[in-house]
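Consider the two complexes below, in which chain A is the common component and chain B and chain C are the respective partners.
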Partner chain A sequence: MGLMLWCTAHFLHAGSIRVGPEQGITSISGATQKALCGDTIWIESGLYKEGNIVLDKSLTLMGMGNPVLDGEKKYEILTVGADDVSIVGLTFINSGYSAMNDFASIKIVGSRYFKIESCTIRNSYFGIHVSNCSYGKIWNCSVEGTPDQEQNTGNAIHFWKCDHMEVFNNLSSGHRDGIYLEFVTDSRIQKNTSTKNIRYGLHFMFSHQNSYQHNRFLKNGAGVAVMYSHQVDMIQNEFQDNWGPSSFGILLKDITDSRIIHNKFIRNSAGVFMEGSNRCVIDSNLFQENGWALRVQASCTDNQIAYNNFMGNTFDVACNGTLVLSKFNSNYWDRYKGYDLNKDQFGDIPYNPVSLYSVLVEQNSAFLILLRSALTVILDEVEKAIPVLTPIDLQDLSPVLTPYPL
Partner chain B sequence: MIKIIKYFLIDIIKNKVILGLTLFFLVTSFSLLYLDENQTKAVLSLMNIVIIVVPLISMIFAGNYYFNAYEFKEVLLSLPVARTRIILSEMIAVSISLALSLGLGLGIPALIFGAGSTILYLILITMVLSVACAAIALLVVILSREKSRGLGLVLLAWFYFSLLYDVIIMTLLMNFSDYPLEKFVVFLAALNPIDLCRISMMLKLDISALMGYTGALYKEFFSSLIGSAFTLGTMLLWILIPTLISIRIYRKKDL
Partner chain C sequence: MKWFPLFLLVFLLSCNVTPEPMRYGTDLCYTCKMTIMEKGYASQIVSKKGRVYKFDDLGCMIQMMKSGALDRSELAHILTIKYGTDQDLMEVGQAVYATGDKIKSPMNFNIATFAKKEEIPSVLQDSSLRIYSWNEIYDLVGNN
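On to the complex of A and B.
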């Protein structure tokens, strides 16, 4: 308590310390030891190899002309364990790798009100590792790794047990997961780009009441996977080019009461894969040129799939059973062959988005060899007339005839 | 021999059927590309047509022409010309006219609408497919004596290659789904020129879906250099083998 008061008092007349090859103080560790709470340490450009730097006071580290902190592939570079820390404009390279510890370029533990801004991180094990924190900001950072095996790389931006985080405008690539959240609540993830990560572009578990907006997830090994969370908002994100044997635009596993609105799913093996997800709203999204636009497992209930555009997908919807408890309404399907005689903008006959052939492929993927053959076309037409294998309940009762302007 | 091919070609063009076909392809391709604002969709529709219509047309055209040119061939046979040359020339003339008809009919609209490499590949493979179908049809009609029976058999052959064969594959897959059939199915597909063309076109069009677990294997195989060589080689075999058998039979056939 005494320390806190003293620190607060000191903020009122914060000092500044300069570190640089030609300054009195040449090492960052030296400066942090000398500094008092609330001070700003200005770090001039240069290469700093200091092993592990520990920050246990409320300080601001400010880079001038891009200083580089090198971990020499041995050390965790910066470890922060204090509140009110700002780290601005630094470059971190070559953090250590360990199978025992989660070495990171910047590790933040138990901090409140921290801010990491405009930092560049290259060749790290973990990029930014945040645990047990609240009210943190990570802005305009770029974290890039050199893709190796999944085992040898950590996550680019990693959160564990945090709340009220703001992750804005960052770039993450070449790591295991681009952005990883576990037990994180009330956070906002916006305008980030996550690409070419070995596993997932975005991965979260047990992270409730978070919002993801305007992010782009491109060419990640297995797309995006979100699990065991509720009240998640995913709005205006782009999921593109996630190709692979088990790759998804987005995998929703046990996600409940969430909203997926105005997103774009383009050229993914599966646009959205849903499993055990209930009461989700999938609204006004664009599904274009995916292998499967939507794969809804029978374990999903009460989802609303409405006002989406389905264009140029190989399969519109696939499901693994005949029982479907989700509702499809007023979507645009480019395969729909209905008509609108009463001119109310909705097709007069329902659209059945699951074709017989997609059911067969779901049962045995070797059937893919017959894709687009005359036989499958005929089978699909027959099935449309007399449905036997396809789920009859899965229907869009009011398909629209013109695509929505999304 | 070039002279004989020329005579056959002149005869085919006089016939006007081939001009009609060219016009048909031209109109179809033009309307598809013109009406669909989304080019991928147009290519898909075009592919559906190509897979069913082109083999049918090529086979009937080749089979029909064999009988139509019967008298012309009789005249040629009375001259000192080897039978091998006559039948080979006919095959080449029919192939050239079919391939040209398809190339022009589908190609001109594609070029007008600025089509990408996918559609050009589609046209190219369609041309090869039409030649293979013509070769098969020629073999079938040489084996039969009458026109009506010959054309009936040609239709049956088309039905077999475009539908029955897939039914057989499907039955196999259904009954032996417990076994790893993927590689075997690739081999089976190669035994049908229409399937082979369809798969190689599909890999250009539906890559994302085919990247599923099994699809990855197909894609890996067919899009590799070996796979391309395999596709091309097998298609050439589908042209060469029926032609060679046709020549052998025709040489000894009691006309």
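On to the complex of A and C.
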């Protein structure tokens, strides 16, 4: 308590220390040892090779110009274990790799109210690694790895057991997962771009009550995976160009009570792949030029799929069973061949988005060889007349005739 | 007829029940659908018909076995990868299993495999380390 009061008092007249090649203090660790709680350390341009720097006081590290901290492929560069730490405008390169420890450029452990802003991180094992923290902010950072390291790369921005995190306007690429969250709650992930990561652009597990808005996930190994979480909001994100045999825009695995609204799924092998997901709302999304727009496994129940545009997809919906307990209504389907005689803007006959051919492909992927052949067209027409294999319950009872302006 | 041995070879190869190497970054876990990335925690089942099921975490494999999706009598090999190696598969019955604070697997079951107790590296040995046999670890993993 005494220390806290002393620290608080010191904030009121916080000092500043300058570090630089031509200053009295030439090393960052030297400055952090001298500094008192609440001080700001101004770091001038230069290359700093100091091994592992440990920050155990509430300090602000402020870069002036372009200071570069080099881990020489051996060390974790900065380890933070204090509250109220700010790290602004620094560049970190070449953090070490270890099979046993999750070495990172910036590791934050058990801190409250930290802020990492406008930092650049290159060639790291983990970029920013945050564990057991609350109320943290990561803004305007760029984390890029070298993808040739393959599986020996960690995640660009990694959270474990955190709450109230704010991840805003960052770029992550060339890592295992762009943004990774495990046991993270009440957090907001906004306006980030995640691209060319080896596995997922965004990956979260056991992370409840979070929201993901305005993010872009492009050309990642397998798209975005959201797993074992509830009350997740995914709004106005873009999922693009995730191609591959096991790739998708989003994988929803055991997700409940979540909302997927106003997203764009463009050119993915599968736009949304759902398994074991219940009571999710998939509303006002654009599914365009995907292999499969939606793959709904039979283990999903009570999902509402409404007001979406399905355009130019090879398959609109695929499922692996005949019992489908999710509801489709008022979507726009470019394959719909119905009519609207009563002029109520809804098609007068229901649309069945699962074709017989997609059912056959689901059961045996070798059927894909018949794609766009006359045989599959004939099969589909026959099935439409006398449905045997396709799930009859899976119908959009009120398909719209013109696409929504999404 | 001179091609007959070749046909025979193709035929024999097509129904072998040998394990497949793990392709990290490409293979999917059969249970959780995640791309298998982390070395040293993966596992594999080969059925008598030669179908290979791969898993990113030993827990995922046990869950799948408990789910009843596969008949135990139909399985030729149940294999797990030794901790710290990327392709060193061993039969589950011959291995020992460790859990502890320092062991962190992709799906949070946090189980590491070793050929014998003595092989557990000293860095993992702290008060939280627990050692199990295959039957014990199989019972330990929950159905969910």
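The rule we apply is simple: the second predicted complex is superposed on the first by the 404 of 406 C-alpha atoms of A that agree within 3 Å, B and C clash if a C-alpha of one lies under 4 Å from a C-alpha of the other, contacts with A are read in each partner's own complex, and residues count from 1 in each chain.
Here is the rule we go by: contacts are C-beta pairs under 8 Å (C-beta built on N, C-alpha and C of every residue); 3 or more make two chains touch, one makes a residue touch a chain.
Being a predicted model, the structure only gives us computed values, none of them experimental.
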Combined model on chain A: chain C and chain B, fit or clash: fit
Per-residue touch tally on chain A - higher for chain B or for chain C: B
Partner chain in contact with A:G291 - chain B first, chain C second, else both or neither: first
Computed vertex angle (chain A) for partners chain B and chain C, CA, steps of 10°: 80
Contacts of A:S246 with chain B and chain C, given as first, second, both or neither: both
Which of chain B and chain C A:P405 touches, first, second, both or neither: neither
Which superposed partner A:A366 touches (first chain B, second chain C, both, neither): first
Which of chain B and chain C A:A374 touches, first, second, both or neither: first
Which of chain B and chain C A:M100 touches, first, second, both or neither: second
Chain C versus chain B - closest C-alpha approach in the superposed model, Å: 7
Residues of chain A at both interfaces, chain B in one complex, chain C in the other: 246
List of chain B residues in touch with chain A within their complex: 38, 40-41, 44, 47-48, 51-52, 162-163, 166-167, 169-170, 173-174, 177, 181-182, 185-186, 189, 195, 198-199, 202, 206-216, 218
Complex interface listing, chain A residues touching chain C: 99-100, 150-151, 176, 182, 198-200, 205-206, 221-222, 225, 227, 246, 251, 253, 273, 275
Interface residues, chain A side, partner chain B - complex: 243-247, 267-269, 289-292, 311-312, 314-315, 334, 363-378
Residues on chain C engaged by chain A in the complex (per definition of touch): 24-26, 28, 32-35, 37-39, 84, 102, 107-108, 123
